[in-house]
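Quick one: this structure, given as structure tokens, is what I'll be asking you about.
Per-chain numbering from 1; labels A, B, C and D assigned in written order.
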Amino acid sequence: MSGKIPVGILGATGAVGQNYIYLLQNHPWFEVTYVAASPRSAGKKYSECVASKWLLGANIPEGIGDLVVQDANIPQNAVGKCRFVFSALELDSKDEIKALENAYAGLGIPVVSNASAHRWTDNVPMIIPEINANHVDVIKSQRAAHGWDKGFVAVKPNCSIQSYMIPVYALIKAGYEVKRMFVSTMQAVSGAGYPGVPSLDMIDNIVPYIGGEEEKTEKEPLKIFGTLEGGKIVNASGPLIAAHCNRVPVINGHTACVSLEFGDKKPSLEEVKKIWAEFRGYPQEQNLPFAPVQPIIYREEPNRPQPRRDRDEDKGMAVSVGRLRECPMFDIRFVGLSHNTVRGAAGGGILNAELLKAKGYLA
Amino acid sequence: MSGKIPVGILGATGAVGQNYIYLLQNHPWFEVTYVAASPRSAGKKYSECVASKWLLGANIPEGIGDLVVQDANIPQNAVGKCRFVFSALELDSKDEIKALENAYAGLGIPVVSNASAHRWTDNVPMIIPEINANHVDVIKSQRAAHGWDKGFVAVKPNCSIQSYMIPVYALIKAGYEVKRMFVSTMQAVSGAGYPGVPSLDMIDNIVPYIGGEEEKTEKEPLKIFGTLEGGKIVNASGPLIAAHCNRVPVINGHTACVSLEFGDKKPSLEEVKKIWAEFRGYPQEQNLPFAPVQPIIYREEPNRPQPRRDRDEDKGMAVSVGRLRECPMFDIRFVGLSHNTVRGAAGGGILNAELLKAKGYLA
Amino acid sequence: MSGKIPVGILGATGAVGQNYIYLLQNHPWFEVTYVAASPRSAGKKYSECVASKWLLGANIPEGIGDLVVQDANIPQNAVGKCRFVFSALELDSKDEIKALENAYAGLGIPVVSNASAHRWTDNVPMIIPEINANHVDVIKSQRAAHGWDKGFVAVKPNCSIQSYMIPVYALIKAGYEVKRMFVSTMQAVSGAGYPGVPSLDMIDNIVPYIGGEEEKTEKEPLKIFGTLEGGKIVNASGPLIAAHCNRVPVINGHTACVSLEFGDKKPSLEEVKKIWAEFRGYPQEQNLPFAPVQPIIYREEPNRPQPRRDRDEDKGMAVSVGRLRECPMFDIRFVGLSHNTVRGAAGGGILNAELLKAKGYLA
Amino acid sequence: MSGKIPVGILGATGAVGQNYIYLLQNHPWFEVTYVAASPRSAGKKYSECVASKWLLGANIPEGIGDLVVQDANIPQNAVGKCRFVFSALELDSKDEIKALENAYAGLGIPVVSNASAHRWTDNVPMIIPEINANHVDVIKSQRAAHGWDKGFVAVKPNCSIQSYMIPVYALIKAGYEVKRMFVSTMQAVSGAGYPGVPSLDMIDNIVPYIGGEEEKTEKEPLKIFGTLEGGKIVNASGPLIAAHCNRVPVINGHTACVSLEFGDKKPSLEEVKKIWAEFRGYPQEQNLPFAPVQPIIYREEPNRPQPRRDRDEDKGMAVSVGRLRECPMFDIRFVGLSHNTVRGAAGGGILNAELLKAKGYLA
């Protein structure tokens, strides 16, 4: 035995599920021992279900291809097979996902979820570990409310916000109120899964629309910047965010153009760069395995960050920023970039699980 | 003889020059009779100079390939060969371009220019015919200042602003003050000419930077919205514009995400659509050959406009807009799109020439 | 009334069906009056069914969007509504398509089909009008066999072979036996319909496989080069063809690299070019509306033909060839290109219908 | 001191030079200590010269950015600074490159070259280490002919042939004569360097031509399959190769469609797969650092290999093959793929240097 914590993946055959499997290879703490997907995959070998739809490099990681896929709709199957699960469930209704994630939690299996279903449940933490690691303590009241002993649900936010949330938070943490933000994103096709975006839409074209994405981009930061009060997360009242979200012909890496308006106290451009360079959060302090050494990497080149060149910084977990300059309307503006399927999805989920373990919730 | 006005193209072998030649095929008023480029092309047939670098469909238009290219640095060569010239000059220094364009004008040859050199000369009109057709009358004081009889210089603005200037102007014209604008563009590679942007930068990538483009995007609208006073164009004091400009893997068609803040009086979304649908300008009133019948086309589909699907509307001269919705920060937001090498470059230049002829300046 | 022949489109909402509707705008002989698709579209307006999936430029052609879509599985509905139908049916089984196309024919409604179901029915002609216009006369025995009076089925071959069949046939017609051909194709994504090929497969990638395509590419030419004998088409015994078929990130335009081995008599490169330049077929002789004036366009540039630059030659109906040179193994080699959704699909189908009308089969 | 062999890079700022620097990070035997480029770069820091043109991930490897670039035209500068050089020289004339590479060799500095200048010099080995490792012994007569003691020149072949040479050689080595080969390539844009292929040629397009590439593809294999006789490499008399070379919108990874005709003895498809699976060459026997463990990886999926999914196999040094099937004209056909800037350029050069060291030529 490896001595690692056995983990399961719900929605293991989809794009996000594949990313979890890919990124968890050789993880020092966790080991994938359980894969579950839709009923029609159940009973088949994982390699058979994925076959020519494996998206990440040439080969399915060793040891995974031979796992027999279980029916994700039957949480009981997971009992005894894994200590917690990563949820990348893709069901038609959010209510079904909520119910199913709760069912796992009810069986004593914590759920670290990528799904959006529970993001607005007020006793479910929505975590970016560098920002709101303390929110995980809402799990206590979540457990109390449900009468759960070991199980819980924790979620991560949408991929579209990962390219600027840490840089913005670093400024807030340094004492600068951010009042308003304008964000315009250019998002990679991997964010839509596979088959996802048709090539007829992405050759010699961009699509200035992604269903539901602008709403998430505008609202989720308020919960993440919120406070834990009275057993639930109370949303922050700001910043006010306006987002335009676009799909572009890029495989991986979401880019965001951001303008920020501060409160009365405004940092100089040099101060901003210094704050970003020096910023460290809980994952860095605890030296979590998936934590990027330096969460925010500033690039001085005039034409960076760029998705293909910068998305893989520090295993895809660092956020790259550049083009910091004065904004003629607000105070500053910059370009942020993060790897949407690593930091923005499975890698972010793994860092959440590491945080939860470090905080004692996955004991 | 065709009875058409003979015109010359300066910088005829470059990307913009080729567009002029392509678009002027079968023009009812103008006929290309003179092509000029750099000294090293001079003396060769046009077809020889362009050879495998012809960018627009399969073939060089008939009758043009056999024209002998002249040295654009020798304005005297053009005398008697064409009544006016379209300038698509690409020289190293703006001062050289200014001097050369002035030299043509001084020889009685009007210059309708794409170059940016003269955009900030206060007695040179920078025209979008649907917006500031009246600015052409500054030519009178321009001629007086130089002692020119027939010659003059008129310019068009940068391609990056064409996808939203007419929609914004339509609202201003309808009585709604626009105080502030956020603009984030996704611009096509054809805007950089040929060879232009390397494919290594545009496969699985975007570049969040185009040199000088944000400055132009923020400042040029102020001159276009300006007024003709005392023999020069006096810039408007607003709107205040903040722009983020990006290069994306699209052949033709610049897309802009725009948020607008109005003054005290704010139109409803329905009013905005009505204003756009009904907007007509001088080119439409005069039925100029290159005028789009309906300058602003609103698309109700949630994911439009898109460059490949919408750029060619009305021969590439109409602006397509869509996704009109409330902005949580300003008042409204929308997506605009225009064909950057047609409306945004050569087609816009041709419409300018048509306007100048209609106003009697190319007699 | 327009006096034009009313025609129906089966599979009208799919990619090929849309192409028929797009290309038949303003056709001098035919007018779309009837659109049919799957039962789930039946009863809705065409514009409603297609909505944001319209693939061809900005807008659905006027007059079509309001047509009520019929159930293509009920041939009786078409009686009296159209004189013949273009079939772009996409059913799961070829046998179903055969049966359905026969049902239309049995009701007196000729079927000009893009579907592959009937390509190997020996009394159904598979036509490229410049090559085997005479094959349409097999319709007489087809009608006799079924006891049909007016109806019949005629088909067109696969899109992958259109970029070299006419150039090869021109040489055969000029007296040069072609014994062996090596073909390697690079095919556009539009050939797979919509949503078709995922963008995750076509950004920074090619796919060296298209299911069933190599078999069609190797076999269909033998029927087209065959002879009408005893009331059926007897396949030619050659040439022997070996094909490699690949999918590349191109919207429209299939490119083929071809090497040819001749029999004892071998043309010089100059003869080949002359034969291609002078080649004309039945559609040119009859001046059919969709016939390209010059079916084979040879390009002297070293790096042509290219899909984006050459696919639209003569409304997308001409074949562009280039790079003719000696082959160190066989005799000659060249690159051929044709527009896969025009010449290779709907445009080719329309030319077939024009041929059938000219030959009296659509009276 | 690291105890590693100090090496220099000629043409260090270009695309291939950058690849050498990138791949030599942490090499167990070699360490980059010397970078040389054109006179206009000389005297500047490497990081300054490359600046925003660094092509490989986010950052220039540590320790290299601060090296002062030397003038590659002055071989004397390299004396004492490095024990041998990798040449990625890009001069206008092959004669200049030959002379310059000879000058380095004459100063006792061996040259392991990517340049094509010396590929046809009969006492210069052109090496793919798995195939013709023994050819390096021609260096003895090369040294004798020039009166060189320690210096020599060794080259690698063109990137276009790397995707099928090892698979074909494995069959030859197993006793199957290969008489004729058809090859059609789809080559990545990185093969043309930076800026290289314009994006206007690679969006919604392919280019069926790469200057000089087909000639190299057809001829270079004959030298590699040749024999060392009388102090020079005598070319093999076969196989006869016919190549079509195409440029496609892929960043890295050349794909080749190949048909093979054997002599009288023909392997079954299963034998071919077995031969490929078991093939090992000198680099594997010697366990050279850059040697792929398994040089030929066969993929059973019907649609593989694909550039983005398979190019990075075994650090980009393995060749991926797939789609092995009967050829209706020759005997077998398949698709081969290799990483053009790793196995096909800098990685291949490094493996050559490792071979030369193992054989005692870099002592």
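A few remarks follow.
Methods note: contacts are C-beta pairs under 8 Å (C-beta built on N, C-alpha and C of every residue); 3 or more make two chains touch, one makes a residue touch a chain.
No experiment lies behind these values; they were computed from the predicted model shown.
Chains making contact with subunit C as well as with subunit D: A, B.
Rotation relating subunit A to subunit D, from a C-alpha superposition: 180°, rounded in steps of 5.
The distance from the centre of subunit B to the centre of subunit C, with each centre set as the mean of the Cα atoms, comes to 40 Å.
Spacing of subunit B relative to subunit D, judged by their CA centroids, is 47 angstrom. Subunit A and subunit B have Cα centroids separated by 43 Å.
Multi-chain contact residues of subunit A, defined as those touching 2 or more other chains: 201, 203-204, 249-251, 302-304, 308-309.
Here subunit A touches subunit C in the complex through residues 55, 189-190, 194-204, 249-251, going by the rule given at the top. Listed in rising order, the residues of subunit A touching subunit B in the complex are 180, 182, 184, 186, 201, 203-209, 211, 218, 240-242, 244, 246, 248-251, 255, 257, 259, 302-309, 322-323, 327-330, 333, 335.
By the touch criterion stated above, subunit B contacts subunit C in their complex at residues 51-52, 57-58, 203-204, 251, 297, 299, 301-304, 308-310, 312-313, 320.
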